[in-house]
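Listed after this line are the structures, all set down as structure tokens.
Here chain A shows up in two complexes: once beside chain B, once beside chain C.
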Partner chain A sequence: MSPIYILCVEDEPEVLAAVVRDLAPFEVRFPIESAATAAEARRVVHEVILPRGKLGVVVCDHLLPGEDGVSFLVALQRDPRTAPARKILLTAQAGLAATVQALNQAQLKHYLAKPWDPEELRAVVRRQLTDFVLEQETDLYPYLTVLEADRLTEKIRQQPLPADR
Partner chain B sequence: MKTRQWIGIVLGLAGFALPWLVQFPGLSFPGHVTLGIFLLAAAFWLLEPVPIYTTSLLVIFLEVLLLSAEGPLFLYAKPPAATPRAAAASGEFLVPASAVRADDTVLVAKPSGGAEKVKVERLEIAGALARVRAAGLSTNHAVLTRPDHWTVGYTPTAYRNFFAALADPIIILFLGGCLLADASVKYGLDRALTRLFLRPLGSNPRLIVLGLLVATGVLSAFMSNTATTAMMMTVVLPLIASLDADDPLRVAVVLAIPVGANIGGIATPIGTPPNAIALAALTKAGAGVPFVTWVIMALPLVAATLLISWVVLLKLFPPRTRELRLELSGRFDRSARALGLYAVFGLTALLWFTENQHGISSNIVAFLPVVALPLFGIVGKKEIHALPWDVFWLMAGGISLGTAIKTTGLAEWMVAQVNWGALGGYTIMAGLALLSFALANFLSHTVTVTLLAPIAVSVGAAAGRAAGFDLTTALVAVAVASSYGMTLPISTPPNAIAMGTGVLQTRHLVRAGSLIGLAGLAAVLLLAKFYWPLFGR
Partner chain C sequence: MSIPIRSLERVREALASMPETESRDRPFVAGEVLLREGERADRIGLVIQGEIELYKRDAEGREHPVGSVRPGQFLGLLLLSSGEPSFLTARAKTDGRLLEMPRKTFLRLLYNLPGFYQMVGPLLLGNLVSRYRRVVQLHLQVAELSRALAAEKAQLQAALEQLEATRNRLIQQEKMATLGQLVAGIAHEINNPVASLARAADAIGPALLGLLERPVEARELEVLREGLQQGLRHQPLQTEVQRERMDQLAVRFPDLPRPVLRTLAQVEPAVLEAFAYYVVANPTVERKELARRWVEMFEIGTLVRSMRVAAERIGGIVRSLKGYSRQDQAELAEVDLRDGLRDTLVLFGYLLKRFQVVVDLPVPLVVRGRPGELNQVWTNLILNACEAMGERGTLTLSGGAEPGAVWVRVQDTGPGVPPALLERIFESGFSTKKPDDPAKGGLGLGLAIARSIVEQHGGRLTVENVPGGGAAFTVRLPAAAAAPTHPPG
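Moving on to the complex of A and B:
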């Protein structure tokens, strides 16, 4: 089973630490990687995540030094290996144009405004990870303790009953 | 492809070729062919160069090609024959000298296949010809010039008998069980029953572990062990999410499911395919037992080992938390179709358990849900398509292999190779059970029993030679012992699912699985000595 990663991109170290801390409950199943800039995030994706597993969810700030968050998400969407990843914007300000671009070209799944409620952030990530796992994985049991168990259960019960051998 | 698989292919082909190259005294030619098929199947099933059900398909095909009357081998291979020539005196014939057998008979080919003995009086041998007097000969007959030809002395089976294994009554029984299980999951009956079982147990973690063992065991008696595990995991994994990551109760709960499922599958003939294979072999040998008798034989064993498992799991993984809140969803569905399912299920189970009163075979009863569930729209094409056809073919391969071993004389030959009488009946039964347990830890349980059942039946054919041997006991012991083969993650699919949850480490499973498995095996050996022979014939 190749690991499914969560990637957090945020330039302010304290904020990044807070995001990672809030998402810690997922870490038993989903390793978390972080990056301060789009360039660093791209390197993490290509050198750490893709050689080992898959990218499941990206939680990304929009305003970053250098390349902005939305164009990084659009780039992820264009690469077939990272296109299935669920993209979440966590930002204080992304203009209408950037948000629309993220929606249309990066399949943005959720927009969270800063400051965020940790419970809400976890709920959003849990839902997106569940969607990702339902879409990409066949073996769902490892995720029943961490993700939305009722939706995973529903899928398991829809599948043909496994037989003994 | 892995080395193991290459070895499997080489060994399988070598095993298949062996009987064509080596003559075993006392074994007929078709017996040799069957031995080759058996060795090929054994190598392929053991080392799995191809999926196990594929090997079953290959077995059936080879039997049809090489052993059936209509297959190319027996269709085209006719023994050499010659027409008798009329000699000078009437009633006297000239036939090839090689055709006259030691007991002064010749074999005359019948138009329908096979040959018939005709008595002759040997008058004179002149070179390659013999002058004989015979009332039963005519110049229209074909006399076999080589009465020792390999095709002589065996009446090949019709090919339909090999294909028919897929519709063997035991597979129909199994089909009925599968369809009931599918429908039960579709209407959430399994969840509602689980809730019913667990609710009265409150929040005491120790009682909950027992409740899970029993609930899983009961469901698994009617559903495949694997399906039961899959369904129960969706119930328990969310429950343990609230526990501390290092509370041993997590391990106990997750292990209770595969353990309960592996053990519960023993309880009924439809609980798991090895039971059905053993029952099919028993039925073929004329010693079949009714559904309810199987349950009566198995129930003490199941109850005892579930209790042992409870003790073992709590000893190995004592819960730290004092309270485990059960919030189980799932009420009984009250829609018309769900009510129909309950009625069909109830009636089928009732008829299965009262077979001794009404005398109608459980195999026939099993067709009731197969007909009634689609008839009333309770299941549809989707469920029919989703039936485990690979497992049906896997079982069919085993059943047809048993047929071939019996009809070609391979069974008697195998019996004759070992002096079974010297071993004693109980020793043989215990040995078979041990072998089944050992193999089942590494092999598919169905395959284990498929390979061992013909051996047990062969010994049964020589029952007189081994005092204290009881065929029913032997096959039940073989089938049941295989279910206790649950030491390793690869031993059974339920174990694999439990490992896949990520809650367990391999050593947890191995410790619990080996202790419970060995306890189960000990219980099997006890029952085989004192209890099961009461049901033998």
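Moving on to the complex of A and C:
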């Protein structure tokens, strides 16, 4: 089973550390990678994540030095290998225009305003990861303890038993 | 008042037939000057045919038509009794003729020649009456004109006041738009440290509780204190370096969970080696547990450190805000322009994030000025540069001192300014922004406001295109000793 990655992109080291720390409970199943810029994030996706597994969720800061977060998420959406990944924008300024652009072009799944509530961040990531594995994975048992168990069990009940395949 | 031609002709014939009147026919042609203002005239003329226009010179020497003399009317009537220089200039409007006689003869005959007065008296009277009427009409016209002029003046004054009020309102709106961007900037700048502060504070409690769940033995304290100090000293690694170290550690300690590997990656390699040696050399439960607690202590140290960093960041923003917002300070003060430039860069950092920012301000730039107003100049120039560059580019702030003056240049790598518009961009309301894009805030007054503030400080704001693309705005201000002391506003 190839790992499903969580990618965090944030240029402020302390903020990045906080996001990664908040998401640490997922790491028993979903390795977390981090990057400080869109360019580095792109390298991580292509040189670290895709060779080893899949990109499941991206939590991305809005304003990054150089290329901004929305533009990076839009680019991920255009690449068929990363299109299925769930995209979450973490923004310190809720600019309506940028949010609308992201919603429309990147199929942005959620945006969170800084400072975020860690429970809310985890709930959002849990739901998006659940959506992702329901859509992309057939073997759902490994995720039961980390993700939304009731939705996973519901799907498992509908699946044919291994013997029927 | 018109005299029947026939009776006028009779008068002429009668006068001409009396030699003692010394009268003679005097034909004239259109355009001929019959009397000149200021010159003496010793003849009086009765117009028989044609029309003569009268002119009066004003203080500046311009001629104005003031009336005309028609058949049956006298030319030189005003000179009749006084003999003063001519009050008016008379120029023939058409061809015609006069019956002329010497002024003194006319006066003498008026009293002495029987029948003369009967002939010219009614004409004289009619003439005077019609001229008096004309004077009364002119008085009325003057009164009417004065009234209209006063009304027009009042309207102009009202329009001017309205224009000024509109202009002030626009300037106020522009300032509010800038303020809006400033507030968005502060919210953004403060949000990041607040987020990391809040999240670190949330994490530190449970971490301490977890650590203290088991009693700490005295000999362990030294080790744990060392872990805390390492954490406090720790500098965040670049994500790439951290990733590399994490990968190496994952190979070395395949059993450790990734969050622990991530923390270990941040420990100084020499310290980490010492620890690894301590645990690997004798991997007892106690030693492993102590190592685990050391890592936790280290983590607590990093949390405290990031809280301190966040608090410093917030403190810095507040300081910048204090420095920036001295808008109300109307008194002139000696200021180093670099302070205001730095404050402005901090507060608008969120707008500048997508650009490269080069700051080259090596020497103090001391002027006498109003710091709040000057910050408005830097803000407007920097916002203008950001808008010109769009998505990416390099903003260069440079400055220097010259004898008697200091200068600051704000240079962008945008498209530059079309040569034809180089001066127009400082006009009120001139904007290259699309009118349907109010989200960008400005009304096109930013550069006009900047220029007027710089000029009030006795300086100059100029723009030029940079070879290779982009525009450079240069503010030149008198150095502190040479600055003027204009009142504000």
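The definition used in the following text is that the second predicted complex is superposed on the first by the 161 of 165 C-alpha atoms of A that agree within 3 Å, B and C clash if a C-alpha of one lies under 4 Å from a C-alpha of the other, contacts with A are read in each partner's own complex, and residues count from 1 in each chain.
The criterion applied here is as follows: contacts are C-beta pairs under 8 Å (C-beta built on N, C-alpha and C of every residue); 3 or more make two chains touch, one makes a residue touch a chain.
Quantities reported herein were computed from a predicted structural model and do not represent experimental measurements.
Novice: So in the superposed three-chain picture, is A:141 touching just chain B, just chain C, both, or none of them (first/second/both/neither)?
Specialist: Touch partner of A:141: chain B, not chain C.
Novice: Per the contact definition in the header, classify A:149: touching chain B only (first), chain C only (second), both, or neither.
Specialist: first
Novice: By the touch definition at the top of the document, which applies to A:18: first (chain B), second (chain C), both, or neither?
Specialist: A:18 sits against chain C, while chain B stays out of touch.
Novice: Between chain B and chain C, point out the one touching more chain A residues.
Specialist: C
Novice: So in the superposed three-chain picture, is A:118 touching just chain B, just chain C, both, or none of them (first/second/both/neither)?
Specialist: In the superposition, A:118 touches chain C alone.
Novice: May I ask you to decide whether A:92 touches chain B, chain C, both, or neither, giving the answer as first, second, both or neither?
Specialist: Second partner only.
Novice: A:157 in the overlay: touching chain B, chain C, both, or neither? Say first, second, both or neither.
Specialist: After superposition on chain A, A:157 lies in contact with chain B alone.
Novice: Could you look at A:28 and tell me whether it touches chain B, chain C, both or neither (first, second, both, neither)?
Specialist: both
Novice: On chain A, what residues does chain B touch that chain C touches as well?
Specialist: On chain A, the residues that contact chain B in one structure and chain C in the other are 28.
Novice: Report the residues of chain A in contact with chain B in the complex, numbered from low to high.
Specialist: Those in contact with chain B are residues 1, 28-29, 139, 141-142, 144-146, 149-150, 152-153, 156-157, 160-165.
Novice: Mind listing the chain C positions that touch chain A in their complex?
Specialist: The contact residues of chain C facing chain A are 184, 187-188, 191-196, 198-200, 202-203, 236, 238-240, 242-243, 257-259, 262, 302, 306, 309-310, 350, 353-354, 392, 439.
Novice: Can you list the residues on chain B that touch chain A in the complex?
Specialist: The contact residues of chain B facing chain A are 52, 178, 181-182, 185, 223-227, 230-231, 233-234, 237-238, 240-241, 245, 265, 272-273, 329, 386-388, 390-391, 394, 444-446, 492-493, 497, 500-503.
Novice: Please give the residue numbers of chain A that touch chain C in the complex, ascending.
Specialist: Contacts found on chain A: 11-18, 20-22, 24, 27-28, 31-36, 40, 44, 48, 63-68, 92-93, 95, 97, 113-116, 118.
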